[in-house]
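Heads up, the next two complexes both have chain A, just with different partners, chain B and then chain C.
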Partner chain A sequence: MSGHSSYVPKSGFERWLDARLPIIRLAHDSAVSYPVPRNLNYMWTFGGILVFMLVAQIITGVVLAMHYTANSLLAFNSVEHIMRDVNYGWMLRYLHANGASMFFIAVYMHIFRGIYYGSYKAPREVLWILGVVIFLLMMATAFMGYVLPWGQMSFWGATVITNLFSALPVIGEVIVSYLWGGYSVDNPTLNRFFSLHYLLPFMIFGVVILHVWALHHVGQNNPTGVEVKNVQKDTVPFTPYATIKDVLGMVVFMIVFGWFVFYQPNFMGHADNYIPANPAATPAHIVPEWYFLPFYAILRAIPDKLGGVLAMGGAIVILAFLPWLDTSKVKSMSYRPIARQLFWVWVIVCIGLGYLGAMPPEGGYVIASQIFTVLYFGFFVALFVVGLFERPKALPTSIADAVLASAKGGSAVRMAGAATAEPNVKG
Partner chain B sequence: MSRTSLRLALAGLAAGLAASALSLTAVRAAEGRVEPPALSWSFSGPVGKFDRAQLQRGYKVYKEVCASCHAASLVRFRNLAQPGGPEFTVGQVNALAATYQVKDGPNETGEMFDRPGRAADAFPSPFANEQAARAANGGAYPPDFSVLAKARTYERGFPRFVFDIFTQYQEQGPDYIHALMVGYEEPPAGTTLLPGQYWNKYMPGHLIAMPKPLNDGQVEYPKGADGQPQVPETIDQYARDVSAFMVWMAEPHMEQRKRIALWFMPFLVIFAFLLYFSKKRIWARMPDGSATH
Partner chain C sequence: MAHATDTKSGTRRDFLLLATGAAGAVAAGSIVVPLISQLAPDQQTIAAGAPVDVDLAPIAEGQAIKIFWRGKPIFVRHRTKKEIDEALAVDVATLRDPQTDQQRTKAGHEPILVVFGNCTHLGCIPLGTAPGEPKGDFDGWFCPCHGSHYDSSGRIRKGPAPLNLPVPPYAFTSDTKIKIG
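On to the complex of A and B.
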C-alpha cells in the first residue's frame, strides 16, 4: 500500500534535512498522504484512541512516579499524599487509574473489530500477532500497576496471580520466587513491580511502532474486507479525512473517560483497595480488575490448578493463531452469514464470562463458567469448521463500488450496484 | 434470521444474569448482609457540594465521640480550613490545633518533647500503634477514618451497577456507615453474644466489636436564634453528619473535581459537535472534488 512518496520539501531547510534525515518525509508519508480506505467506519477510530491512551498513561504515570514511593510501608500513604497534597494529584491519579480501564475498553473494541472484519487474515498476520503481543504486555502492565497502591486488593490480587505460576511444572517455583523476591508478596515484590510497571509501557510503545509499521506496509483492512484496487477511487489521504474522523472519535471517547474521572472516579475500582495491605487478613472475595474477569472466570472454571492456568493463558494465546484457525478466505463477517452469528454469540459469551468472573466460585456460577469456557474456545473450532463449507454472500467488486451502492441504499441495490455502478462523478 | 437469533441470545443472557442476581441476593442475605437504605446527600450528583454546616457538625461528632478510638492520621488540621471542606477559619484551625499536644523531636539534646499542635500537624492518633489500639479495645482494631468512606461498600449487583453509571450513585460508603450507626439492635432470641460483641443489623454477619457509639443528645449542636439546635440532636442526624464528614476526609478535593467537570464536560461536547460538522464537510468531497457518495 505504501506507494511512491508524494512529499515535496517546501523550504531550503526541509530540502537540506530531507537529504540527510528524511524524517519529515516519513511523517508526511505515514500521517498525511497515507491512503486510507474510504469506507472505514467509526470502529476504526479505536486505533488512534489507543495511541492517545498510551501516551496519556505514560504522561500521567511519569508525573505520578515523581510523587509515589515504592515501599510496602509507605506506598499506600504516598498515593493518598498524591490525592490530598499534590496539586491536581487527585486528577492525575484518577486519570491514570480510570485510564487503564478506558485503555482496555478501547483495546477490546479494537480486537472485536479486528475479528469481525477479519483483519487478521493475509497479509495482516504479523500485524495481528504484534497486536496480541501488545495486549499481553498491557495485561502485565495493568496488573503490576494495580499492585502499586498497596491496598488489600493489590496485595491479595498479586498473591493469587503470582501463585498461579507455581502450577507450572519444574520452572513454576523458580518463577514465583523471582516474581516475589522472597517467600511471599512483600516489599521486594512491590519494588520490582514498580520497576517493571515503568519499563513495560515503553516496550508497548516499541511494539506499537512495529504494529503501525506493519499496518502502513500492508494497508488498512476495511468493512468489506475487499483489498484496495484503485488508490484513486478506493482511498482518501489520511489527512484530512482520517485525521478529523479519528480526532472526533477521540473526543467522544474522552467524554466517556471524563464522565468516570470527574463523576465516578471509583466506579471501576474496588473499595477494598482503600484498605492498606494486610497479609494477616484476607478479603472476603478476591477479584481482579474488571478487564481480567473473563480470563479469571476461565481460570476458575477448570477444577485443576495447572489446567486452569493453561486454559487462561490459552484463551489469550489462541488469538495469535486466529489467522490459521479461521479457514474462510472471506475477511469481513458482513458477508459471512454463519460466522457473523457465531461472532455475536461469542461477544455475549465474553461478557458473560466477565460477569461470572466477578461472582463467587460456587454452585451454579462454576457450572455456568465451565459452559461459557467451552463456548469461548468453541468459537475458534467453529470458525475452523464453518469456513470449510459456509457460502459467503456476494462481495462488492471494489471499495468504491461498495460505498456507491450503500449510498443508494438497500442491500438489494448493493448487489446490483456492485456489479454495474460507475462512480457518478458530479464535480 | 441473524437478528432474531441475536435478540434471543441477548434475552437469554439478560434472563440468566437477572436470575443469578436474584440468587446472589439470597446468598448475601444468608451471609448476614442487609442492604443499607440509600439516603439523600448534598454532595451527590454532578453539581453536589458539601454542606459546610454539616461538615462542621460532623467534625464535632468525630472529635467528641469517634476520635477517642479512631485515628484519621492522613488528615491535617489545615485541611479543615481549605476550600471545599468544613471551611473553618484559619484562626479557628490554629486555635484548635493548639489545644492538642503533639510529640516532636528529637531536639538538640536528643530528647523527644511535646509541643502545642500546629495547623500543619495531622490529627493526633488515639493510640500509639495497632497493638495498643487492640489491647484497649478487646482485641479489635478501630480502623483509621482517613479513607474509610471509600473503603466501605455493599454489593450493588446486576443490573443496578449498570444504572449507577448513569445515575452517578456512588454513596454506598456513607449510606453503609450511617446505617451501621443506627443499626444497633437487641439480638434475635436464641443468639448469645460473647463479651465484647454487639448486634448490628447492617454489619456483615451482624456481630460487631464496637459498642453502640452514639446516643440521642450526646453531642451538643450549635443553637439557632431561638435557642433550639438547628438540626435535631439525634443518632440519625449525628450519623448523617459524621458520615458526610468522613466522605470529605476521604475525598477532600471532590468539589474542585466537580467544578472542573462543570466546564470541561460541556467543552468536550461542544468540541465534539464542531468536529462532527467539520468531519461532514471534509468527507463530502473526494480530494479531486468529486462527491464521496
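On to the complex of A and C.
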C-alpha cells in the first residue's frame, strides 16, 4: 500500500542525514504521508492508545523499579514505602497498577474491533498472529507484575497459576519446580518474576514494531472491509487526519484512566493484596485480576484439571487460527447479517464468562460457566459453518463510494459518479 | 582436488562446514544447559528442604498441628477412635481417588495421619487443623476456596478437588517421633 516516498529533505543537515540514515524519511513515510482509509472510525484509535499505554507502563515501571526491592522479606514494605515516602510514589504506583487494567481495556477493544471488521483476513494473517503473540506476552507480564507486591493475592495467585503447569503429564512437576526455583512459591520465584517482568515489556515493544511493520506493509483494514483501490480517492494522509483523531481518542481515554487513578485507584484491585503474603493461610476467595476472569472461568468450567488448563490455553490460541476458521471472504461483519449477530452474542458470552470467573465455582455458576465455555468455542465453529452459506449484503465498490453514500443519508445507493462528486479535501 | 567445485560433495569444504556447524551446536548447547539449570532449586533451597523431625508427643488425641517442609504446609493429626473407624468404614470403590486408610498411614501407628496441607484443586489451605475450624462433612478438612471436603483420612470426598491430600514421605524414628522427607 505504501507508495513512493514523498519525503523532501528541507535543510542541508536533513539531506546529509538522509543519505546516511534515512530515519526522518522513515518517520515521515510511516506517520505523516502514510495513507489511511478515509472511513476509519474511533475503534481504530485503540492501536495508538495501546502504544501510548505501553510507553506509559514502561516509564512508570522503570521509575518504580528504582524504589522497589525484589525480596520476599522486603517487597511488601518496599511497595508501602513507595506509597508513603517516595515523592509522588503513590501516583506512579497507581498509574502503573491501573495502567495495566487500562492497557487490557484497550487491547480487548482492539481485538473485538479486529474480529468485527475481519481485520485478521488475508492479507493480514501475520499481522493478526503477531497481535495474538503480543496479547500472550501482555498476559505473562501482567501476571508477573501482580506477584511483585507480595501480598496475599500475589502469593496465592502465583501459587494457583504456576500450579496449572503441574497438570501437564510427566513433565508438569519439573516445569513447576523450575518456575518456582524451589519447592513452593518463594523468594527465588519473586526474583525471577521481577527480572522477567522488567524484560517482557521490551519484548512486547519488539513485537509491536513487527506488528506495525506488517500493518504498514499491507495497509489498514477499514469499516467496510473493502481494500483501498485508489489511493487518491480512498485514503487521506496519516497526518493530520489520523494523528488528530488518535490524539482525541487518547485524551478521552486518559480522562477515564485519570478518573480511576485519582478517584478509584483500588477499584480494579483486591483488598487482600494489602495483607502481606502468608504461606500458611489462603484468602477465602482467590480471583485473578479482572482481565483474566473469562479465561479463569473456562479453566474452572472443565471438571478435569488437565482439560481445564488445555481449554484455557486453547481459548487464547484459537484466536491465532481465526484467519482460517472464518470461511467467509467478506471482511466486515457490517455486511454479514448472520455473523454480525453471532459476534454480539460472543461479546456477551465473553463478558458473561468474566462475571462467572469472579463468582465462586459452585452450583449454578459452574453449569453456566460450562454453557458459556461451549458458546465461546462454538462461535469459532459457527463462523466456519456460516461462512459457507451466508449471503452477504452488497459491498460498496470502493471506500470512497461507501463514504459518499453515507454522507447522502446512508442510503444503499451506489453512485457510479462518485469521483466527480468527491469534495476536494486534499491539502 | 585442486579443482574442487561447489557442486561436488564429499569435499574438504563440506567436511569443514559440517565440523564447524557441529562445534557451533555443541557450543550453543553447552551454554543453554547452565542457562536452564540455574532455574532449578538452588543448593541452599535444597539444603533447607532436608528432612525434618517432628515430635508427636505433644499432640493429644483429636488434635492436629501444621508444620512447614519445603515451603509447603503439612498436617500431622492424632486421630480419635471415631475418626479412624469412619475412615476404615468407607467403601474404597466409591472414592474419587481410591485409597484405603491403611495405605495412607503406617502400620502400628494408625492414629497418626500425615498429609500435605494444600488442596489438590488449586493449592489453597483447607481448614480443620486448628481447634474450632470447620472439618467438613467427613470429619477431616474443608477447603473454603472452592468447597472441597476431605475425610478423616485426608481423602477427597466432595467438591472439585481431583485427588486425596498426598502423604509426604516420612518414617517413624521412634514411637513418638517422625522424620518427614
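Simple rule for what comes next: the second predicted complex is superposed on the first by the 409 of 427 C-alpha atoms of A that agree within 3 Å, B and C clash if a C-alpha of one lies under 4 Å from a C-alpha of the other, contacts with A are read in each partner's own complex, and residues count from 1 in each chain.
As a convention for this text, contacts are C-beta pairs under 8 Å (C-beta built on N, C-alpha and C of every residue); 3 or more make two chains touch, one makes a residue touch a chain.
Note that this is a predicted model, so its numbers are computed, not measured.
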| item | value |
| --- | --- |
| Superposition on chain A - do chain B and chain C clash or fit | fit |
| First, second, both or neither for A:F384, with chain B first and chain C second | neither |
| First, second, both or neither for A:P360, with chain B first and chain C second | both |
| Contacts of A:S177 with chain B and chain C, given as first, second, both or neither | second |
| Vertex chain A angle, Cα centres of chain C and chain B, expressed to the nearest 10 degrees | 70 |
| Touched chain A residues, chain B compared with chain C | B |
| Contacts of A:R192 with chain B and chain C, given as first, second, both or neither | second |
| Contacts of A:Y7 with chain B and chain C, given as first, second, both or neither | neither |
| First, second, both or neither for A:P279, with chain B first and chain C second | second |
| Smallest separation in angstrom, by C-alpha atoms, between chain B and chain C in the superposition | 9 |
| On chain A, positions contacted by chain B and by chain C | 284, 360, 362 |
| In the complex, chain B residues that touch chain A | 1-2, 5-6, 9-10, 13, 16-17, 20, 23-24, 27, 46, 74, 79, 143, 146-148, 150-153, 158, 164-165, 168, 170, 172-173, 204, 250, 252-253, 256-258, 260-261, 264-265, 268-269, 271-272, 275-276, 278-279, 282-283, 285-293 |
| Residue numbers on chain A that touch chain B, as the complex places them | 38, 77, 80, 83-84, 90-91, 94, 232, 236-237, 240-241, 244-245, 247-248, 251-252, 254-255, 258-259, 262-267, 271-272, 274-275, 284, 337, 340-341, 344-345, 348, 351-352, 355, 359-360, 362, 364-365, 368, 403-404, 406-407, 423-427 |
| Chain A to chain C touching residues, read off their complex | 156, 159-160, 163, 177-186, 188, 192, 279-282, 284-286, 300, 303-305, 360-362 |
| Of all residues in chain C, those that touch chain A in their complex | 36, 39-42, 45, 49, 66, 68, 70-73, 121-125, 144-147, 160, 162 |
